Amino acid sequence: MERDALHRLLRDMLLSRAFEERAAEEYAKGNIVGFLHLYPGEEAVGAGVINAAGPSDYIVSDYREHAHALIRGTPARNVMAELFGRADGMSGGMGGSMHMFDARRRFMGGYAIVGETCPIALGIAYTVAMRSLPEAVICFFGDGAVNQGTFHESLNMAALWRLPLLLVCENNHYAIGTEIHRHSAVVEVYKRAAAYNIPAERVDGMDVIKVYEAARRALERIRGGGGPQFIECETYRFRGHSMADPGTYRPAVEVKAHEAWDPISAAVREIEFRYPTPAELAAAGPDHIGQLAAHMVEAGHLAEIEIEALRKEVNAIVEDAVQFALQSPQPTMDAAWAHLNCNRRHEVLV
Amino acid sequence: MERDALHRLLRDMLLSRAFEERAAEEYAKGNIVGFLHLYPGEEAVGAGVINAAGPSDYIVSDYREHAHALIRGTPARNVMAELFGRADGMSGGMGGSMHMFDARRRFMGGYAIVGETCPIALGIAYTVAMRSLPEAVICFFGDGAVNQGTFHESLNMAALWRLPLLLVCENNHYAIGTEIHRHSAVVEVYKRAAAYNIPAERVDGMDVIKVYEAARRALERIRGGGGPQFIECETYRFRGHSMADPGTYRPAVEVKAHEAWDPISAAVREIEFRYPTPAELAAAGPDHIGQLAAHMVEAGHLAEIEIEALRKEVNAIVEDAVQFALQSPQPTMDAAWAHLNCNRRHEVLV
Amino acid sequence: MSQELLYWQALNRAMDVEMAADEAVFTLGEDVGLYGGSYRVTEGLHAKYGEWRVRDTPISENSFTGLGVGAALVGMRPVVEIMTINFLPLALDSIINGAAKIPFMSGGQFRMPLVVRMPGGVARQLGAQHAQRLEHTLMNVPGLRIAVPSTPQDAYWQLRQAIASDEPIILLEHELLYFSKGPVDLLADPPPMHRAALRRAGRDLTIVTYSRHALLSQDAAAELAKEGIEAEVIDLRSLKPIDWDTCASSIEKSHRLLVVEEDCRFAGAGAEIASALAERCFYSLDAPVRRLAGLDIPTPFNGTLEAATIPQVSDIVVAARALCQSGQESKAS
Amino acid sequence: MSQELLYWQALNRAMDVEMAADEAVFTLGEDVGLYGGSYRVTEGLHAKYGEWRVRDTPISENSFTGLGVGAALVGMRPVVEIMTINFLPLALDSIINGAAKIPFMSGGQFRMPLVVRMPGGVARQLGAQHAQRLEHTLMNVPGLRIAVPSTPQDAYWQLRQAIASDEPIILLEHELLYFSKGPVDLLADPPPMHRAALRRAGRDLTIVTYSRHALLSQDAAAELAKEGIEAEVIDLRSLKPIDWDTCASSIEKSHRLLVVEEDCRFAGAGAEIASALAERCFYSLDAPVRRLAGLDIPTPFNGTLEAATIPQVSDIVVAARALCQSGQESKAS
């Protein structure tokens, strides 16, 4: 795996974590109101999948989508401003935490009705196929969403028409307070895809590289005309379902165990592990690979101290985002009506 | 297989066929109006499954349910009167062709919204399980219905809670004009059950004995605590989807080929084949099995001439049903209001 | 320049013209393709435009409607056919929570050029689950528009306008109108999509109505004329928005309003029509606004009872006559 | 005899009493069991009655609501909780085509002792997909009944009555009321389930309202009293059927009607209320019936805008004041 890619993955995960933890603080302060579903613990999924996508691919997400937007490249400022309900938010303060959209980056929305993302992604994929474009559509959903009728209906259609759709299940083992064993007859979610002849794979969703690679492979198959693909990422959310949820239904030991597998520490370990020290590199001599590695180390990306710098960088981004959001104006009622009527063209309507 | 059972199966199929063909005539005459979905070609499914059920089992069906009601034991008079919209119809003339109910026989209704039968059957099965009763619920639906979200949702819940539910897919390969290859990514319908860990079997739905035996086995597993079971019956409808449908989308050769497999002729052959002639029986000597067979032949059920008699019998029943329906009074608006308010008890409502 | 067409043919022409003009237009639904559509609206289009643009779907209403929403997000102009409005409850999430809200929720980033067509209404003995109207269900949803053509000409115009519009538009077609005939001018300029039409002028009372009951009301007005009662008949053509001005100017002249609808009375479309106009025209009214509507009962299968549950021409005549008298009585008293 | 309870606690008590009294009563929905319910309504019941009677379901709204329909067919008394009314569109087929129609379609063979409970309304910044009211969607469906308790006492009474009734009943609970407190007499005899309550007597105008806005209207009436305007406040308690007599007798006294609702104005619940009463009370009215309602716009996430889209106490005061004046002006003119 290339160094830049790895670095990017790590940075995205750190940014997501820092952003979400700060959002929780801002929620406690009252700067954010309403439902707030945070992503800590699941960063490897969003980072791995979205980084595997190209800029012309589409992303459809649910209400736990702040990190997806950040990873996709939406400035933290606009994401935070949306959480604050301000005019500079991604959705002009109209959508909020669960409804972030970024048309320019093909971030096709956060949706709050469980299961709703599938048909929407299906429709985009249908369009791509109809136009024979080399694009793919990535659809995120949780383990609870697979029990919604739309999941089933959409998978059937996607397979029937071989649409370029990558289905990504973020299996964090819970639908709010209901553990997967209590909501799904078959808990290996990827197995459901067999009912539609959709190739499916389960990956360790705490390992960003595995997720990234699985997504790459799946996207390649899609671009090769292989039709829809399914990836189940096993992961865990460290927090409650939303800020309103203390999460007490989960055994403390279970939460602890999963925290030990924190995808960010794992990614940090991965980076530190994979690249040799300068001494080792020197011993290896000035060969081709060694040169590259040496260059990377020289560039200072891999040392522990640099990870700290990365943390600082993302913290600064988040701090800036909060300041930006605080200063962003409240949207007006006129703006609200304009958004509602953004559809109107030249029609002379009553 | 016991003689009486076989005889019953054949009679039910003949009655169903005669009833439906007559309904088509009455439709042409204008005595029946509205949608009319007929069953010819599919008789082996209803006869096989419903005869395998016990009197305390429940049946839930869709809009192609006249034969299901007849087989379940509802007098042809009341079925026909319902088609005529008369007061003596099963549903008092309120329901019509697609909404036949017979509470006494646990015939829980015909439903006209594709996929709606699954959740209703699920609810009855939930009740049976909750009360630990030895009953089962049989739910009929077509191949088109399996693409509805409710199918998926209901199967998951049925499996999760191990409910006593027998799912019977009447796969006639078409949803109105859309052939199964064009509506389902996986055309072996029974394979869908694997996504919920539900035991599933595909049977030749033109062979009433195979259907009957599959249903018996499945019901036994259910009563033994095996949870939901799934049977896919491959069949064919000889007519269009409804009387409004000429069915021209199906290649003539396909229709012809299936008519050659008429389940009724097959059942007749089966009966004639399985039981020896009196001469053969005499030759076989007075052993145990020979005695039984001889008794059956003696009783006169098996000779070709008897099948003609059976045809006459069912024709007479159907003729009587039509006369009954013609003479049955039109329901009144008062009756309609009373049906709507059948729920009211002692409440003092505004 | 106009020719006689059946209502379904007019819709079929509209589809054809729009599909030929813009590759972004495509249609999908159950049996719209090979089969040619349950009411023939899409007849011939599959052969002409191919399966990608005329897509037969599985019986998965919520998801194929949602497919339309997704496609509209990326600039397509999908025309979703829900086989009948009775299946709308299954697809409602995609319409209410999706199509109607996304343009707003996204802060105006996305348009929603989606059309959803649905046959509906009480036809002939289809039973309670196939005789629904459900206009009210969609009327309350901000962000949607609803057209209810009663003539082949309007069917042609309004479907074309709906496809051309970037707003999500619901087209409610009445099952008993598909085989009604009328002149259609394929080239004439249409009135604005949501403008009401004055179908008959009169001075004694105003009848506001829509869809099939616009035709029945015109028949009733002809009857009433024989008794010397001149009813003005307004065909709304659109249930969202409603062209209040056209209604109000008529009432200011006639001083009496009868609202006629096929929908169940309680909380039906007529409730909005009557309450908005009663408020606006309060000082012009000589008598209470009357609603003549379907009975609040599921539709019986039996044909006679079925007919008894929705207003017939004779019911409109009786109600109009009573309304004209009731005002006079009160003035006398 | 009465004690102070929170609205959710009153509902919880009602569930407990009915479940203890009749084994046929059971409840199901997302997170109603182990988790104790999103708004705590089912708290403690899972431990007490076990998983079969307090069933956590997958996220499958249409089917678990349909499960309730099926269970009701065989004599159970299911109480389905749909986590919020925003998911009602997904479950609507089971309610509209199933629960509401089966007793009728079967020719009266089956009763439908089903209760569907749903939190709803505009709460605090939940965004457009989680701020819906949708009362209108259910009101037009013959065969359903709808209760809208505004106080803990009514919540307790009406949930118990709904469970005891053999008709399908929808209980709409307002998300902002769960933590409101009020006296609950657990033993008193309740008024009929669908009877409106006169919350405050007055002679100058009648305010007809329901759910949370019944409380806001009482606050507004207190404000108005300071200016010498005495508003009579009627809390409908039921949206289907509506207790027209109670409303009409008040209007005959006050001659003015203001309808206050949180629902979007266009084709909202208020449309039926206003049109039925304008028709019935036409000759008693001194001024047009006014509807004060939510704006016809999806709910913005931003808190200030969100508040601006639904009537606040001050809006009610202004509207009531204007209504009293408008009548007078017209008399003068």
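All chains are identified by letter, namely A, B, C and D, in their written order; residue positions are counted from 1 within each chain.
Here, a contact is a pair of C-beta atoms (placed from the backbone, for glycine too) under 8 Å apart; a residue touches a chain by one contact, two chains touch by 3 or more.
Worth saying up front: this structure is predicted, and the values here are computed from it rather than measured.
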> By CA centroid distance, what chain is farthest from chain C?
Replying inline: A
> Between B-D and B-C, which chain pair is linked by more C-beta pairs in contact?
Replying inline: B-D
> So, what's the distance in Å between the C-alpha centres of chain D and chain B?
Replying inline: 42
> So what's the Cα centroid distance for chain B and chain C, whole Å?
Replying inline: 38
> How far is the middle of chain C from the middle of chain D, if each middle is the mean of its Cα atoms, in Å?
Replying inline: 30
>> I'd like to verify one number: the distance from the centre of chain A to the centre of chain B, where each centre is the average of its C-alpha atoms, in whole angstrom.
In response: 49
> Where does chain D touch two or more other chains at once, residue-wise?
Replying inline: 57-58, 60, 62-63, 86-87, 90, 93, 97, 104-105, 127-129, 142-143, 297-298
> Which residues belonging to chain B are in contact with no fewer than two other chains?
Replying inline: 91, 93-95, 99, 111, 113, 147-150, 153, 156-157, 160, 182-184, 336, 340
> Which residues, counting only chain D, touch chain C once they are in their complex?
Replying inline: 62, 86-87, 89-90, 92-93, 95-97, 100-101, 104-105, 127-129, 132, 134, 136-137, 139-143, 240, 263-264, 266-272, 274-276, 278-280, 282-283, 285, 287-291, 295-298, 330
> Which part of chain B faces chain C closely enough to touch in the complex?
Replying inline: 33-35, 82, 85-86, 91, 93-99, 111-115, 144-145, 147-149, 175-178, 182-184, 249, 330-333, 336-337, 340
> Can you list the chain B residues touching chain A in their complex?
Replying inline: 147-153, 155-157, 159-160, 182-186, 191-192, 194-198
> Along chain C, where are the residues that touch chain A in the complex?
Replying inline: 26, 52-53, 55, 57-58, 60, 62-76, 78, 93-94, 97-98, 102-113, 142-143, 161, 165-168, 192-195, 238, 241-245
>> Considering only the defined contacts, which chain A positions touch chain C in the complex?
In response: 58, 60, 89-95, 99, 101-103, 108-109, 111, 113, 116, 118-130, 149-150, 153-154, 156-157, 160-161, 336, 338-340, 342-345, 347-350
